[in-house]
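Shared between the two complexes below is chain A, which has chain B as its partner in the first and chain C in the second.
Presenting the complex of A and B:
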């Protein structure tokens, strides 16, 4: 309970304090890095508690459950929180080492961490929305940090599109409350069975659109390339590696736990949209000759896999979806951080990231692609798609590697040694997780089970658990 | 407009503060809270900015220059009321005094968690509006930050 409170309190309180002081001073930047580090430690400790003792649930104010707002840490929530805060930590450290130019940057990043941690650790739908908005507000400010007119324009697009997405989300939250009479996620999952299927579908489509906008899935991707290429590399890493996790987590949590019937019904459509995203992102990424543009389109292609995996569903599909989200996030951080650096280490890091995107061992991307192949083993058409997608990612990633590191030398000032160290650490995580994938597989399975990956929809539309041990709740 | 506003604006702050205090106090039995109280005071301050110009408004009331710090303090106060619980071993967002305990009164004002939260919110809303007005006025009239 204390850890759960701490994980939310630390970034929130520190973020508010840091926004008020001048973030261009190095000490403030380092304070932000320390705060993110502290949050990460609290989250890891919380994760250890969740994995050993089961879900941690705190009802605020000591009210009975259903009256007070529920904070809940389960394997999926903690995993995504650790991942996102870790990404924010790496990107912030990288930026602080290079010198912060905007006075509010450290505070805003920490507030973004507060929003993300909160939304991953809440068991209440409206509370999810509040933390979602906090994270989004912080990211709207972050998106303006390019300085140029172009990045301001892209920030405006980002803000408008995402405000629209959040509005659709809020409509669906209201819809859920209308049909089930509760905002507690666990209770919603149980009560959705009795709801009129048409209403259920309408609500599910609203959530799907909201999270797809965040993820930048194919028909909702139009904002993504301008924003990711207009922002500074560290900010792009934060948006692509940290904030985009909200979309993946949302699809899993809302599809798997809250609306399993609707997910089952729409599985085919999800796979088709995911496949379209993979192909569209892949083809456009091949046509780009600039590192960050390639990465932006690659991001659209890679999240397609998440949707395909969610569409396949079941324990294996969900575990694959979790793993792909984690791997995507790591790849994006690694590759976006390399975009404006130079030197041999940067070349090696980029190579590793490229291998990971393409799903080639020893990088961790291979493990994720393996999981996806395992999930899609029954559908030959999907296997062809996965193979084609991987081939395209290999092509576009190495095309950029060739342009940027073989044919010509990158120009610009030498990269700081400390920044290279950050890059090295992220690269090491990608490499070690690829060579020793057991922890990642275990965590993904635990997370998939937590978001209802163990439940299956039987013929008559009711949802049953497949007999996996239920997650116990700590007092 | 200027002659009326010029007379009214400097004299409006006192009544606005009293009205805000009344709204916070009655908020626990009737409509009202820290947010609306903050908006009322911020409106009175905005009128001062309009009639005096930002430089004179801030010279006559130097605390306005400290608005960002006041906003931060307000947010931290509001946040502290939520997370005071875990410090003493209660769940977050616990309401003090707990059910059945006696309430400290200051006149008709009851000193409870919600009031402290609303005071924090009041400070934040007022100061955040002032920051916005300051920046807008500076954009419109020019001058250093």
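Presenting the complex of A and C:
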């Protein structure tokens, strides 16, 4: 219980303090790194408690449950929070080692961590919106980092599109409150069954649009390439590896727990949109010659897999969606951080990331692709799509590898040793999780159960408890 | 009553959407502000009811729902913060691009892309020359 409060309070208080001081001084940057590290420790401890004793629920202010705002930590929330704060920690450390150029940067990153932790650990719908907006505001400022023409232009696009997305989200929140009369996520899930299906679908579409914009799925992707290529590598890593988790988590939490009936209804459409995203991202990534542009389009393709997995649904589909989100953000951090570095270690790290994106064995991407294949085993068309998508990712990733590391030397200043160490740590995580995937499989199964993957709603509305099949996938 | 609120929110959203489509950056910002008002109005409309103010001790009879008012208040405050941020961002864009139009920003992007492509082509040519 104290851990839950601490995980939100540490970055929040520290962020407010850090924004006030000049972030260009190294000590402030390291204070931000230390804060993120402390938050990560609190979250990991909280995760251990959640996995052993079940979910932790706190009602703020000592109000009775149902009146006060509920904070809730379950396996899915803690897993995504640990992942996002870990990504922020790696990217911030990388940037601080290279020298921070803007005075607000350390404070803003820590506030972004506060927003992300809060939204992953809340059990209240409106509170989710508030933390969501906090995280988004921090990311709008982050997108301007560098202050060049290019990053300003892309930050403007990013801010406008995502602001519209959050207002659509807010409209759906109002809709949910109108039809269910509650903001407690657990209660909404139960009360949605009695709601007129038409209203339910309208609300679900609103949430879907809002989260798809965050994820950068195919029809809502237009802002993404500009922003990811315009931003600094570390900032792009934070946006692609940390902030994009909000979209994946939102689809799982809102689809699986709050609106399972609507998710069931839209499953086919989700798979189609996801497939379109995979193909579009893959084809355009092949056509790019520049590392960060390739990564931006590859990001569109990779989130398509998340949507396909959510569309397949059930315990296997949700577990696959969780795992792909985790692997995606690890890949994106690793690859975006390499984009402006050079040297042999960078080459190896890029190679490992490329293998992971393509789903080739020693890297963790293989485990995620494996889970997805398992989830899609009944649909031959989907298997073809997954195979095609993997082949395309192999092609675009190695095209860049060949151009950037084989044929020409990268130009620019030599990379710091310490930055290479950060890169090495992220690469080690990708490699070790690929060689020893049991913890990852266990965690994503637990997360899938937490967002309702265990109970499948069958057509006539009866809830069937679906036992999780034994996990046997290990390379 | 709900219908009136719905129509008003719909109209506001429409006006906002129209403004967002304009090329002038200031109008785009105003469009976002108007859309945020549409969202606030919808929050208020989500629990419409006539009654006394919900202050303890509760009066007998119907009381109005305080939660939707609280949500609307919060969203107004957040809307204020986002508007301020957006205006600062636009100010910086105007400063850097010396223009208030979206066209210039887009043109700049196209030019950037062309330079990148040219650089890439140059790299290839060098390489091919070296291979020969």
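Here is the rule we go by: the second predicted complex is superposed on the first by the 462 of 475 C-alpha atoms of A that agree within 3 Å, B and C clash if a C-alpha of one lies under 4 Å from a C-alpha of the other, contacts with A are read in each partner's own complex, and residues count from 1 in each chain.
Everything that follows uses one rule, which is that a residue touches a chain if its C-beta (ideal position, glycine included) is under 8 Å from a C-beta of that chain, and two chains touch if they have at least 3 such contacts.
Everything quoted here is computed from the prediction, not taken from an experiment.
S.K.: Looking at the superposed three-chain arrangement on chain A, would you call chain B and chain C a clash or a fit?
M.R.: Overlaying the two structures gives chain B and chain C room side by side.
S.K.: Nearest 10 degrees is fine: what angle do the Cα centroids of chain B and chain C make about that of chain A?
M.R.: Seen from the centre of chain A, the opening angle is 50 degrees.
S.K.: Could you say whether A:2 touches chain B, chain C, both of them, or neither, answering first, second, both or neither?
M.R.: A:2 sits against chain B, while chain C stays out of touch.
S.K.: Report for A:170: first if it touches chain B alone, second if chain C alone, otherwise both or neither.
M.R.: The second partner, chain C, only.
S.K.: Of the partners chain B and chain C, which touch A:283 in the superposed model: first, second, both, neither?
M.R.: Touch partners of A:283: none, neither chain B nor chain C.
S.K.: Looking at chain A, does chain B or chain C touch a larger number of its residues?
M.R.: C
S.K.: Which partner does A:12 reach: the first (chain B), the second (chain C), both, or neither?
M.R.: The answer is first: A:12 touches chain B but not chain C.
S.K.: After superposing the two complexes on chain A, what is the shortest C-alpha distance between chain B and chain C, in Å?
M.R.: So the smallest C-alpha to C-alpha spacing between these two chains is 9 Å.
S.K.: In the complex, go through chain A and note every residue touching chain C.
M.R.: Interface residues on chain A, with respect to chain C: 126, 129-130, 133, 137, 140-141, 144, 147, 149-150, 152-156, 159-160, 163-164, 167, 170-171, 173-175, 177-178, 181, 183, 226, 289-290, 293, 407-408.
S.K.: For chain B, which residues are in contact with chain A within the complex?
M.R.: Per the touch definition, chain B meets chain A at residues 68-69, 71-72, 75-76, 79, 83, 85-86, 90-95.
S.K.: Could you list, by residue number, the parts of chain A that touch chain B in their complex?
M.R.: Against chain B, the touching part of chain A is residues 1-2, 5-6, 8-9, 12-13, 16-17, 19-20, 58-62, 68-69, 71.
S.K.: Could you list, by residue number, the parts of chain C that touch chain A in their complex?
M.R.: For chain C paired with chain A, touching residues are 20, 25, 28, 32, 35-36, 38-39, 42-43, 45-47, 67-68, 71, 74-75, 78, 81-82, 85-86, 89-90, 92-93, 96-97, 105, 108-109, 112, 116-117, 120, 123, 127.
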